[in-house]
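So that you can tell them apart, the chains are marked A, B, C and D in the order they are listed, and the count of residues begins at 1 in each.
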Amino acid sequence: MIKAGVIGSTGYAGQELVRLLLSHPDVKISFVSSKSYAGASYSDIFPNFYKKMNIECISTPEDLSELDLDVLFTALPHGHTSGMISSKILKKFKVIDLGADFRLKEINTYENWYQVKHESPQLLPLSVYGLCEINRESIAKSNLIANPGCYTTCSILAIVPLLKESLIDPSSIIIDAKSGVTGAGRGLDLSTHFTECNESIKAYKIASHRHTPEIEEQLSISAGHVICVNFTPHLVPMNRGILCTSYANLKEGVHQDTIKKAYEKYYGDEPFIRLLPNNTPAETRWVKGSNFVDIGFSVDLRTNRIIVTSALDNLIKGAAGQAIQNMNIAFNIQETTGLDHLSIFPI
Amino acid sequence: MIKAGVIGSTGYAGQELVRLLLSHPDVKISFVSSKSYAGASYSDIFPNFYKKMNIECISTPEDLSELDLDVLFTALPHGHTSGMISSKILKKFKVIDLGADFRLKEINTYENWYQVKHESPQLLPLSVYGLCEINRESIAKSNLIANPGCYTTCSILAIVPLLKESLIDPSSIIIDAKSGVTGAGRGLDLSTHFTECNESIKAYKIASHRHTPEIEEQLSISAGHVICVNFTPHLVPMNRGILCTSYANLKEGVHQDTIKKAYEKYYGDEPFIRLLPNNTPAETRWVKGSNFVDIGFSVDLRTNRIIVTSALDNLIKGAAGQAIQNMNIAFNIQETTGLDHLSIFPI
Amino acid sequence: MIKAGVIGSTGYAGQELVRLLLSHPDVKISFVSSKSYAGASYSDIFPNFYKKMNIECISTPEDLSELDLDVLFTALPHGHTSGMISSKILKKFKVIDLGADFRLKEINTYENWYQVKHESPQLLPLSVYGLCEINRESIAKSNLIANPGCYTTCSILAIVPLLKESLIDPSSIIIDAKSGVTGAGRGLDLSTHFTECNESIKAYKIASHRHTPEIEEQLSISAGHVICVNFTPHLVPMNRGILCTSYANLKEGVHQDTIKKAYEKYYGDEPFIRLLPNNTPAETRWVKGSNFVDIGFSVDLRTNRIIVTSALDNLIKGAAGQAIQNMNIAFNIQETTGLDHLSIFPI
Amino acid sequence: MIKAGVIGSTGYAGQELVRLLLSHPDVKISFVSSKSYAGASYSDIFPNFYKKMNIECISTPEDLSELDLDVLFTALPHGHTSGMISSKILKKFKVIDLGADFRLKEINTYENWYQVKHESPQLLPLSVYGLCEINRESIAKSNLIANPGCYTTCSILAIVPLLKESLIDPSSIIIDAKSGVTGAGRGLDLSTHFTECNESIKAYKIASHRHTPEIEEQLSISAGHVICVNFTPHLVPMNRGILCTSYANLKEGVHQDTIKKAYEKYYGDEPFIRLLPNNTPAETRWVKGSNFVDIGFSVDLRTNRIIVTSALDNLIKGAAGQAIQNMNIAFNIQETTGLDHLSIFPI
């Protein structure tokens, strides 16, 4: 059994992680910790756990290096994890970080976009960007896995095959993303007060959302050169789910079939990516509660653009599910273990 | 492996049943059938099944007695199942009916409330009301299990201990029930058109809802005499979940502790009933996606009434989950098999 | 023109009041004030006012008695208004308080339920309970009008005719109330965070909600003797609207027609009460955005109970609309002035 | 008083039109008609009208030319109105068509996209595209006003100033649109069944929505040459509101200020267009219930693109409100008459 600890277990992603770990056949939860709820019974904080898990939520351990663990999950706001991890720790157990601190390889990019000093830049070369379908092999060997963001997973997976196969003009990429409100977390804010966001839709952080450099860094790697994109997040009055509608200009002579083959080449065997039939747009309802990413695309012959729709559950494939998928890879377990859920419908 | 067939697999309850059966370790799905979608791929009808189950939805078999099955689930509108089942069939395999046809023992009550002729009254004595926590022993021996309604499961479980222990005035029971819209099914109707029920709440079928006689018949059995209740259903703008708020006058000298002990006596060891701490009201969010029923109660000393709140997922414990729980009991499998899900939160 | 000031203008009720006052033909808004937003442009706080009202939200005036006003509206949390009002002020202008401080005549009841000292008990005899349809004549003469609560307006209006005409057993009244989330106000709280209350329903403050004594005091006045009720509020995932489902045992020999006549006797000429056709339940969608209360009832002959459904918009008839109705009465203007809106549908 | 008739009064746009006409000080409603509800009381169909308007919904008049009217509003599905209107009718009274039949000047475009024959192509030269802010002068003189679509109003108004002032590359326009479910109408369909679209988002009719040619025709007029755009509509789980997020490549040397001046030049004096402060994205909640269009924009210096957000209420400025605005213009009444509502918030 893999001994797992969860730091930051009372945010939405942390809680979802605990739920999934609890039913994972190869995992034993060693501890769950939290700053705000230390000392409380976990099932008092989240009554869905009532009668199913009876442990106390502890305060975050002072010295992580003394923990008897196989894997540590950290699910903290940016800037909190970089100071907690050290090479010493990484020699004892694997760390899978659901936060942003180890996702960007360029420390300047990180510090500019996040406006915080990175506390352990020396660890960045050791970290792997944990987008399973893209970096499976390096994930398998790494002790520090930076679990991707929710928007970024949904965006990058939609576009990578188009760039790898040079099917689109890389300067023309526009990603119009829509997220349910769990994406904003459990912290109280007027913008996520029920009566302020229910029955309304808005764009926010236009041209300034922090997932932009993460998308760009990964797409640049795929393309082999630097790429800039427009990324516009929107808040949708629903609990879960992300839909990305991505646009790009097709290169001359690129047809529907070529594109289809490109997606099949990269994702045809992927257990968690479902390529939808021609012209079938992705919908969040079919992935909610599952670790799937659904991808559909259409070609507009009039404008010669491709429109890709991709959908995932932001707390599962966009956070906790992918973290477990990363763990499965890193521990050489069947990759789908503990993640074999269908979307529940309608929910 | 238990060979299972599902008739009426494309309603919400039917689909939820297929989803749960698919991940049940002891079940093999033999067929799924439907009137409206015969011939279609099941994952085209419900794309959450895409890449997970690749079978065709067939038309309802003409002669059920020729089926090679261990259990047949029927999930049809009332009046459709009674004519399909026969003693011959019941000798070949077990039938678990998610519809209303075999729930009421009194055929007159059935025909009055449902305004339809019962096609197989001779089978009624063979049927067992499949409320697992109440009728576990007879369910284990029966070949015809009438799976309870969603409102009724939530209502009856909340009140049975109070009647069995004679803690309340049985003529004073009022059940004010609130349901998500999946309770109304997948058939199109103006009342469940998104923009007609979103952002609004209403009561409906006041003093005339068909779950009333079902509640009364079961409560009468518990009390040992005929009981009449007020049952008022409401439509709430959410997908899933039922909450019942039930009121009754306490008999003289009945205190909080007596009540608590009564609930613990009947449900203390039940795997799917969670008795909430004192004065903690049940909420649908903590049971959605699970087979749990949460029950909480308060005593109003000023009016000497008890107020019981009970919550369940109408498609799971209120339909498909309880059907599987019944199957587990009937096949002498561990009762929680395939039903061991926590509620997903927030969803 | 009536010069009106609004203290507490940035809560939901306060904002709705400002919106309604702005289009009232006989009112000039003198100032709007707020503790939290003092100094901000009102249309920056509420961009629906952008280009329609260009005034600054000021801090609450220190000395109210110096204000040059005809009417002052106060929309503050309980305990804040009682210390601000004095006889001197009431001689200068009328006060309409949307808070709880002057609603209960019994100071002990107030202090017990609200757990706060009342700062001006000497003013209680001067105040009138501003339920327009019940107290129209005394409202017309009063300088201190206590605008009723949202739940209470919806509850009391549903039941008064039944008590006045002695049609029901007064000890049998149960009010099961359901409210949209604006009822909980604009203050941040985990319970009204979008993803905590969306897609779920719960009861709260069972047998302990502060609107209970207000309902009881008014019903007791109607009945001519002390009445105790069960009042259970529920939180429904929608922005606006309250639905009350009320139950009572009918006295012997009371029939549908007698009840209908009772409602017509008291409300037949009321501009803002709509008596629905027989057995038509009220729905919040038909009153949202309007000052109407819709009332429907059914008789359950099997249990001899009446079930009354009543619906209103909690921010209009349940708060700001009724405050303006009170102002219209108090200033001897046509009672419907500025309140003549249909419900917008679907919204 | 303007005598107005409404054909197609029981769809959502028709009903909203009746509501707005009812409170318009210069209008008298002559009749409301409907195919599906002929003979029913209008307030039985829409109980928000109960006690406010007591007329019967008649069947559509056979011979429109005999109607004694000043203006006829038609709110029918495409293909139904073109055969009903004639020059004779247009000589008797004005026609404002909320449907699609007279919006496109190019009959081939109409017949290709709508797959229906146009029954009165000879009237197309007489019709004016009723986008008030763009065509005010010709609207004033016309007897046949083609009221624009909801998506189109929101899209065109966002982009026209950019084209008129040559600030963007006209081949780079991408409009990512999001609509509430009223946009899909009141007809029953599985896609708008509550539990099928609640808590989910999807794109639909990618590269094939019928509002595309309407947008293109109008933008082409503004640009002075043919323009092709990408238009992608999405269905959002909310009742009302449209948000368009539009993207275009800025021409060299175009700065924030130039853009701001362009918008002010065209819309600075418009009563129903609100230009938002720099980098403030539009939100549907601030326009719902009003006739406003809110427009905000941001410049992404990294990609040199402009991102424009525009929001309106699809049933008001996107349908019934604009129809009345057109009527006001056509009858030389103050343009804002009967449309002077703030958005109600939160609703």
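In the analysis below, a residue touches a chain if its C-beta (ideal position, glycine included) is under 8 Å from a C-beta of that chain, and two chains touch if they have at least 3 such contacts.
Predicted, not measured: the structure shown is a model, and the values here were computed from it.
S.K.: If you tally contacting C-beta pairs, which comes out ahead, C-D or B-C? Let me know.
M.R.: B-C
S.K.: Which chain is most remote from chain C in terms of Cα centres?
M.R.: For chain C, the chain whose C-alpha mean is farthest off is A.
S.K.: How far is the middle of chain B from the middle of chain C, if each middle is the mean of its Cα atoms, in Å?
M.R.: So the centre of chain B lies 39 Å away from the centre of chain C.
S.K.: In angstrom, rounded to a whole number, how far apart do the mean CA points of chain B and chain D lie?
M.R.: Taking the mean C-alpha position of each chain, the two centres sit 46 Å apart.
S.K.: Please work out the Cα centroid separation of chain C and chain D, and write it as a whole number of Å.
M.R.: For chain C versus chain D, the centre distance works out to 37 Å.
S.K.: If I count partner chains per residue in chain D, which residues reach a count of at least 2?
M.R.: 12, 180, 182, 195, 198-199, 237-240, 283, 285, 288, 346-347, in rising order.
S.K.: In the complex, go through chain C and note every residue touching chain B.
M.R.: 171, 174, 176, 178, 180, 195-196, 198-204, 206-207, 228-230, 232, 234, 236-241, 243, 245, 247, 279, 281-285, 288, 298-300, 302-303, 305, 307, 309, 346-347
S.K.: Going by the contact rule at the top, pick out the chain C residues touching chain A in the complex.
M.R.: Spelled out, the residues of chain C in touch with chain A are 12, 180-182, 186, 188-190, 192-195, 197-199, 237-239.
S.K.: Under the definition above, what is the set of chain C residues touching chain D in their complex?
M.R.: Contacts found on chain C: 12, 15-16, 19, 22-23, 46-52, 182, 199, 239-240, 274, 276, 283, 285-290, 292, 294, 340-347.
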